[in-house]
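Two complexes come next, and they have one chain in common, chain A, joined by chain B in the first and chain C in the second.
On to the complex of A and B.
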């Protein structure tokens, strides 16, 4: 474990050097991302200027759910972004051999090769939104909510990562699967709004099949209402552990089936 | 005669573009499903908004209008999307742009015709299903066929103009890579600004009046808002004529701009590697 942490630090440092090569470009990207989020929130504001509440949820509660959804998404983006490249081009170009011939776990190596600093934008906006809406709603925080929050965020992040691991592992058979990852990943946007606005099919899908609802709405609703802790937090833990185990299983199967694309 | 030669020169590019997009069909469909998902999310959000609101309309839009707006905006955005910025930036970065410059054909025309091939495939697979779907929905909700052939044809004209504006805008923007060398961040900025200013994220009608007026005049509304509003029949005949003229105006501005930038940029071309 210590060795892994040390390696992770070295990889991050290397990646930062790479990034600093194009500083202006990086800053522009980060600022644009913030701008995009601000526009999204302005849109929510416009919607709420015409209605008192959205199926029983008021503006600040929706902001809280929205902010919460950005935290696990941002953490996954920060730490595990390189999985995208596996599905998009690492396997297709035959570059995956590199990961198999080094004396560390291939999944770990892929994951820690990149450290996406631009994710701090997501995390920052998420935190601001949550704090702002909590003040507006005058939410009372009890001591046990803090460890529960950390548990919810960690396991919610794992849901994102597990979905990316499983879908990018498909590329070991098909050579490229970035678009499959994209398709599943986009489902996460469903979790930014209360599940009660969707029809039964969508609700079942995002709760039990691709459990993105557990990355935002369910845990956030517990912190807002204090109801159903077993389902909202427990469900997040169970969904994420099950999904993660499945995805590691698929990854390991995939590694065995992998044949270099050679060029 | 010259026209014939023109077609003969650029037809292979269109063919290549078509083959390219057919080659990765599975990817194409997965990507499409992922993108269209966000339309459905907004569909449910709007349904909840209309449920929670006491009136039938929201800032002048009915639920049915909103659905048409969502899906036709998606379609318009998809069809007018141009990859020019990214393609040019990549070629500048790896140096292959030098190969294009020594060929006896015009730089922007190569790109245009290649992308055209791609668009033909897109039109075949997305255009018809989406339009039929939207019209079927409208029929089902209102109990009568709402399809208007004149508005549809004018929409197509406006759509083609919008695509050309988008193409030349992207080409001009891509040439910025001559100065910046890497366009990752600038590309995100572009997407974000266009989505906002063109009314694709928030309909211009929902914005404060003064802001909407300014945005209506800028070239960005020509990219998405104008064709969509024409499709929905929100404009009168006179307004349509005015809006299309404005599109033509912005198209010529973009064409001239791309030529100026190209002439200036090519003098300081310094390709990295390749």
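On to the complex of A and C.
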């Protein structure tokens, strides 16, 4: 584990040096990303200025859930973004060879090769939204909520990551699976709003099948209401652990089916 | 050291009709075909040996190398290297091998070359003093100093290949796999790389498995070759054996004074040869005769030719390894189970 952390630090440092090699690209990327986020928030404000509440949730509560959803999403984006490339081109082009000829876990190696600084935008805005809405709601924080928050965020992040691992591992059989990952990933948009606004099918889907509801609405609703901690936080932990185990299993099976590319 | 036993790898390939229509059709009703890329190959390599692995394009060389390096999982059969089964204990195993794929680089593209080595040092957990010694040695044999501070993307192909070979040797591997290490390089760099490989093999006792299309690599580096074609082993032995076994065919080339003179030559009848033993090709005044030197001596061949026709120029080509292999590839020579 210590070795992994050390390697991770080294890879991140390498990646940062890489970014600095192309300063213009890096700067424009950062600026455009921040701009995108600001526009998104402004848009949310416009929508909610017309709708005072949504199935019993008032504007600031929605804002809190929305802000919370950005934290695990941002963390996953920050740390595990390279999984996208696996499904889109690493496997198809045979570049996965490289990861298999190194004495480190291939999944770990792929993951820590990229460090997506763009994600700081999401994280920052997520935090701002949460703090702002908490002040507006005059939410009281008890001490045990802080470790619970950390647990919820860590495992919620793992849900994102596990879904990306499992879907990008499909490429070991199909050569490319970026669009499959994209399809599953996009359902996370559902999780930014209370699940009670959806019909039964969507609700079941995002709770039990692709459990994105556990990345935002369920844990966030616990922090808002203090109700149902077992389901809201415990459920997040269980969903993410089960999903993660399945995804690693698929990944390891996938490596055996990997066919490389002619050279 | 390396034992390969009845190794096989099959790929499933979807046969598509041409065009978009064919692609759409294949999507709904795939027509699959099993391709046997490697079809039952066995061989073994001793410690410190340098083995040349040759075969025409698409013969399955790279597939074998990829199975030996743990990248691909064999469909059946086994390979054991240094007591490891590559796929079973991959992480531990790859620590003992070095791999260079000539067509791909393992260096960090945008960073100074030096950075690649410092990352690899961490990945392979090479201790500081060991690393310094190793770098000094690699510097000496591969002359990296000139470009170690340049970003990898700015290196020439020759520099990059040297850098790649150094990268694969940083952790002092017991086995080095080189897949076309001299592809696309000029003569000087090729020589430089061959010398380096030879030196590393001599000084460290590193076992080397090398695939190449440049037979000069083989002649200079390897005592033994394994030749494969269509996924099957067609030859396994020393280069001198290959020459001995298939080298009896010689080429006599000459230029006639008069084009019509060709009709005066009747090798098969006059020298009492079998059709298989001789082949005559001519184009204008240039004639080339390939003959089996076991069936007719070089002397007889020459004196017969010169007694019949007048020639401007004549030369006799030695059996070179390239010619032999070319003929095996083209299946002009059949090889029974070796």
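Assorted remarks:
One rule holds in what follows: the second predicted complex is superposed on the first by the 262 of 263 C-alpha atoms of A that agree within 3 Å, B and C clash if a C-alpha of one lies under 4 Å from a C-alpha of the other, contacts with A are read in each partner's own complex, and residues count from 1 in each chain.
The working rule: a contact is a pair of C-beta atoms (placed from the backbone, for glycine too) under 8 Å apart; a residue touches a chain by one contact, two chains touch by 3 or more.
These numbers come from a predicted model, not from an experiment.
Look at chain A after the overlay: chain B and chain C fit there side by side. Residue contacts after overlaying the shared chain place A:53 against chain B, while chain C stays out of touching range.
When the two complexes are overlaid, the chain among chain B and chain C that reaches more residues of chain A is B. Once the two complexes are laid over each other on the shared chain, residue contacts for A:30 go to chain B alone; chain C is not touched. Of the two partner chains, neither chain B nor chain C is touched by A:242. Once the two complexes are overlaid on the shared chain, A:150 sits clear of chain B and of chain C alike.
When both complexes are overlaid on chain A, the residue A:187 reaches chain B alone and has no touch with chain C. This overlay, made by fitting chain A, leaves chain B and chain C with a least C-alpha separation of 5 Å.
Residue overlap on chain A between the chain B contacts of one complex and the chain C contacts of the other covers 22.
Contacts from chain A toward chain B in the complex involve residues 22, 24-33, 35-36, 39-40, 42-43, 46-47, 50-55, 176, 178-180, 182-187, 189-190, 192-193, 197-199, 202.
On the side of chain C, the complex with chain A involves touching residues 11, 58, 62, 66, 69-73, 87, 90-92, 94-95, 97, 99, 101, 103-104, 106, 108, 110-111, 115, 119, 122-125, 151, 179-180. The part of chain B that touches chain A in the complex is made up of residues 26-28, 30-31, 33-35, 37-38, 40-41, 44-45, 47-49, 51-53, 58-59, 180-186, 188-189, 191-193, 195-196, 201-202, 206-207. Contact residues of chain A toward chain C in the complex are 3, 6-7, 10-11, 14, 17-18, 21-22, 94-95, 97-98, 100-105, 255-260, 262-263.
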